[in-house]
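After the structure tokens below, expect a handful of questions from me.
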Amino acid sequence: MTHETKLSVQNLFMSYDGAPILERVSLDVSEGSFCTIVGASGCGKSTFLRLLLSQERASRGKILLDGTPLPEEPTPDRGIVFQRYSVFPHLTVAENLILANEFEASPITGRLFGSARKEALCEIEPLLERIGLNQAANRYPAQLSGGMQQRLAIAQALIKRPKVLLLDEPFGALDPGIRADMHELLHDLWRELNMTIFMVTHDIHEAFKLGTRLLVFDKVRHDPQAPEAYGATITYDLPIKANDRGDADLVALASGEKPNTAADS
Amino acid sequence: MTHETKLSVQNLFMSYDGAPILERVSLDVSEGSFCTIVGASGCGKSTFLRLLLSQERASRGKILLDGTPLPEEPTPDRGIVFQRYSVFPHLTVAENLILANEFEASPITGRLFGSARKEALCEIEPLLERIGLNQAANRYPAQLSGGMQQRLAIAQALIKRPKVLLLDEPFGALDPGIRADMHELLHDLWRELNMTIFMVTHDIHEAFKLGTRLLVFDKVRHDPQAPEAYGATITYDLPIKANDRGDADLVALASGEKPNTAADS
Amino acid sequence: MRIINLRPGRLTSLALGIVPFAGVIIAYAVASHYRRLENPADKLLPSLEKMGEAFWRMAFVPDRRSGDLLLWLDTFDSLMRLGVGMAVASLLAITLGIAIGFIPHVRSSLAPFLATFSLIPPITILPILFISFGLGEVSKIALIVIGTAPVMIRYTAQSVLDIPREMIIKAETLGASVWQMITRLVLPQVLPKVISCLRLSLVPAWIFLISAEAIASTSGLGYRIFLVRRYLAMDVILTYVVWITLLAFVLDRLLLALSKRAFSWNHLERDSL
Amino acid sequence: MRIINLRPGRLTSLALGIVPFAGVIIAYAVASHYRRLENPADKLLPSLEKMGEAFWRMAFVPDRRSGDLLLWLDTFDSLMRLGVGMAVASLLAITLGIAIGFIPHVRSSLAPFLATFSLIPPITILPILFISFGLGEVSKIALIVIGTAPVMIRYTAQSVLDIPREMIIKAETLGASVWQMITRLVLPQVLPKVISCLRLSLVPAWIFLISAEAIASTSGLGYRIFLVRRYLAMDVILTYVVWITLLAFVLDRLLLALSKRAFSWNHLERDSL
Amino acid sequence: EKTDFSVCWSIYVGWMPWGYLQDSGIMKKWADKYDISVDIVQINDYVESINQYTAGQYDGCSMTNMDALSIPAGGGVDTTALIVGDYSNGNDGIILKDKTELAEIKGQTVNLVELSVSHYLLARALDTVGLSEKDLTVVNTSDADMIAAYATDDVTSVVTWNPLLSEIEAEANATKVFDSSGIPGEIIDVMMVNTETLADNPAFGKALTGAWYELMTLMSSDSDEGAAARTAMAEASGTDLPGYDAQLATTKMFYAPAEAVAFTESDELPDTMKFVAEFLFDNGILGEGAPSPEFVGVAFPDGSVFGDEGNVKLRFDTSFMKMAADGSL
């Protein structure tokens, strides 16, 4: 694992319709980091990911990827798993997974035929098995439970082996057994591909278990008369050492100390 | 807390389009229990809640509430929080919360006016504060983040103080701080109203922290050739004593022992 | 950057929007010019000045026979018919649409009939309409209603069916009666859909109005077009067509503004055309 | 139990569905009976047998003048026109609809024009259609296309806009080019919508077809209806109306079946009318 | 006892007086005289007006002799020709594009309103040059679109009536090769009324006839009032006075009731009706399952009957026009 700066966020401001959401966010992330992001609901975590993905443009500030400004639109070097809408409803599970392959292989039709298609389908077999969907390979997303859909979405985002992976509460809808499996899958791929991961989660245990770095978003300034007046920023930025993971004290500390807007208001 | 049987499920079978989802589910739940339900994704937990709500009719078997068969349709004695779609998009936060009140107060218009409305709005102030939405009282759900919407949904379900409350992964989208607050709120109300609660969750810690009884759903019979051939049933039914809660060993046991379809297949 | 991620600025957007309009006007002017070169008295594609004159004459010069300002008289009469027709159709859409979409028994009973009925091209049964409703205002309004209501009812019923089942169940657990669900949940969620459907139905409504006025009427925009068509007075016809289009446009925008004002919650999430 | 939770069984459902049809037929038979009591040769509401005879005559007795079986000839010609017209309209809807919905610059350029153009009642500009497309088949098809395409294009464009932005972004992260997104994501997700829109457009398409055939034609269902209207042969007219309705119904069902077969993923989630 | 009557009419040169009767109050004056009320309603669509009359919505309607025979009479509604207003004397015609002889129509497609008087005129014209309908193709074209249709290249010949006829004739490449002055007195414009209603309420017939001939006198006069009346009619039909006068010139108006009586009682009328009945029968539109052209009976003023005497449904009756001629209304 190198420690070169992969991604650098410099004094980022973001507002929607004049209401500031994020302010003065600065961050340097080295290649191969696994940043887990926690924060109060509605504080702008998803917005931050959208900025990293170039889905939205920051009001002010810069984001550098490998030292150059981010491309102006989403590119395959940054994968994403959203809270919802992440899989294509008109494609079966298997088709969802070979899609990226098809895009790459045939620029005109965007489709594989015959043996090439068979091969692509074979290639995803192990992945299907790993996410426990091999029996459902020919079902459409609408025929899957919410959890199964989310597993598919994660697998789909991993298939292009992106250098930067953005995850927005990807495991929220999964049961603990599958979740543990997905953790493992994600962890292995992270190591394998030396990905830089940003993951928003509400589960502080998960944040500690997976992350190498924990980012806590919150508002530092707060005007009780106008709670919308200020945006959130990174209030804690904790490196997590391997032996910290699962450390119950730290967990308690982090959950206890994390400031809570709802309780304030 | 009384120990009278509140809800009794007798040999329940449920299938969709011929595919069995649940089979031979039997259960007696005493009044004031807090049953947490875990199980593999897609195994039928939500389906079980739908049956308890009378949203669906079982293929076979009986469900008795206070010794009499369930009403044939949802009634205010059983509240519900779904994974999605639980709040009304055309009403503001405050209007969502006074709606039940309005239904009760005016059978014809279903609407309160003038001072009655003011009073109703006042009444919900403390609740709004408790769920941290008092600043957002006049916003529409589409203007809230996912987590805020879910908090509103929970508050809305609690407002009729139902005897039985059904929760389908209600805290999946919440961050830990708010989640802890909501736990507290739910726990207090459960005590206060002596509700019987069924909560589906994917967080085994949450299941142990809140529940008095843990139900694990899984398939007992499994045909590798036809994984859809059999339905799930209750494979573990563990009473949780107050001092068990948070017991790390038990947590590990439950998460480790929970059979996992995805890993099998 | 991919073209789908490039958003034109305000000015570019305006300029782009004007291009096709300008194109059509220029194409018309050129075609008209060449036709008039061949035959200076050509009636089919009159010059733009001539259309302007026709507009002036119809709008501001009192008719010799009746002393009326014909354009305003026609507009008023047509809009009255259209307004009443669309109001009746909307009312039917709301009542029947909700009943069909919300109550399974009503759905079983009326949905197949309505589906069938909506397939009958109303102009084929015009004689029956005229005989049932007479040749007065009622039959013109009836044609508009018969022509637009079935689609509006179906669309409304579908919107009711599209309300997530979970919301209805939630309402039941909040103790709502069927009537309360209708007034507090279904109606408010469906009204913006009714308005969009109304906007879509305006075009067929105009067509039916004009057809009806061409058959039995002594005023109205459709009547005037019919009357001057036999002399191929295209200057008047085209002026009226532009005027009708303008009226339709204004109505459409008014309805959109109404919807945005009255149902702001429905316009929060995404772009619409 | 609330009425909204009571679902009628299959038989009840069937019986309920038949009631309104039976009601209309009985009402007609009674009205017809009383009219014929007064004037046995009444043409306005012929008896059901007479309509049966008319059907037999049109379908199986060669015409005295031409020797053709008129019903089949008319049906074939009309369906050809309708088919070509709808095919062209669908093609326009898919190409322009996707361009407008997907590419902001095209949207800025064409959306306002299209919105305006769709407001013009096509029957008012028939003379211009004639000089552009002649008086043959092309102008009839053009009338159908002009009448239905704008709505279909708008609807398709709106469907494209309604695709969650997240999916497009996901596709971008999977390395899709704009063209690939169109062919693999937008088109497949929009096609079922185009088919539903096509189903909805069939009714106006029939109306425009019949209007077009009334203008200048030697065959077709609309031609026959307008021709026999000249001697109030309501037996033929009503037979043709029933026949058109039947054809429209069959087309509608065929399109639905096609959609269910080709886009099964789109029909998994909820009830539709 | 009925006191409220209504008649309908559609826009055509010979029928514009009906609209003027209503607007000017002449009709009301005459109706008041007989203690009844008569409403004169304009219907834009000619066929629709006849259909409405046939369906019983109106007590009378202006139409041609041919349409009276095929629609109301053929439909079993006993109908009386109350006022024979005019016949077409050049008002209907055949126009060829870039051709000058009627015989050149052979092999062409001819645009006309099928089964209308235009169609009849064509059949009669073809007779004169030894052709028949089989020698050409008839394309049904709605009258409202006729002028625009002529402007397209597809159309090479049309049969139509005024004002469309003169509009098309004004085109440089148009030649009128035949018109109704070639078959004078065969295309007759008549106010038809329901026989039963008329029999029960002679006052209705009297009021209509009285009002009509009062206006005829006014209209035919050279006075300013006459010109004003004609101007009003011109504008109601969408043209101006010279345009309307041009149309009147090709219409043989019976301004004097005596002329109309003479025409109706002439020997030519039965022959004309025979031609018409044969034409209708050949085209299969003479009533349901008509076994022969004589299926519907037509009674003439002298009591003679053409066709089935047991099924007389169209009656030419001069008694009311005679009253007008005698000044006894």
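For reference, chains read A, B, C, D and E in written order, and residue numbers begin at 1 within each chain.
Operating definition for what follows: a residue touches a chain if its C-beta (ideal position, glycine included) is under 8 Å from a C-beta of that chain, and two chains touch if they have at least 3 such contacts.
Every value quoted in this text rests on a predicted model; they were computed, and no experiment measured them.
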item: Contact network partition after chain D is left out of the picture; value: one piece
item: Contact pairs, highest-scoring chain pair; value: C-D
item: Chain at maximum distance from chain A, centres defined as averaged CA atoms; value: E
item: Distance between chain centroids, defined by C-alpha means - chain C, chain D (Å); value: 18
item: For chain A paired with chain D, centre-to-centre distance based on mean C-alpha positions, whole Å; value: 47
item: Whole-Å gap separating chain A and chain E, where each centre is the average of the chain's CA atoms; value: 83
item: Set of chain C residues in contact with two or more other chains; value: 2, 44, 127, 131, 172, 177, 229, 232
item: Contacts with two or more other chains, residues of chain B listed in rising order; value: 73
item: Multi-chain contact residues (two or more partners), chain E; value: 51, 55, 145, 147-148, 151
item: Chain-to-chain touches, reported pairwise for every pair that qualifies; value: A-B, A-C, A-D, B-C, B-D, C-D, C-E, D-E
item: Residue ranges of chain C touching chain B (in the complex, touch as defined); value: 164-167, 169-170, 172-177, 179-180, 183-185, 188-189, 263-266, 268-269
item: Chain C residues within the chain E interface of the complex; value: 39, 44, 63-65, 126-127, 130-131, 134-135, 213-218, 223, 226-233
item: Residues on chain E engaged by chain C in the complex (per definition of touch); value: 8, 11, 41-45, 48, 51-52, 55, 57, 143-145, 147-148, 151, 163-164, 167, 172, 231-232, 235-236, 238-239
item: Footprint of chain B on chain A - complex, ascending; value: 38-42, 46, 83, 129, 131-135, 144-148, 151, 169, 172-181, 202-205, 227-228, 248, 255, 258-263, 265
item: Chain D-touching residues of chain B, taken from the complex the two chains share; value: 72-73
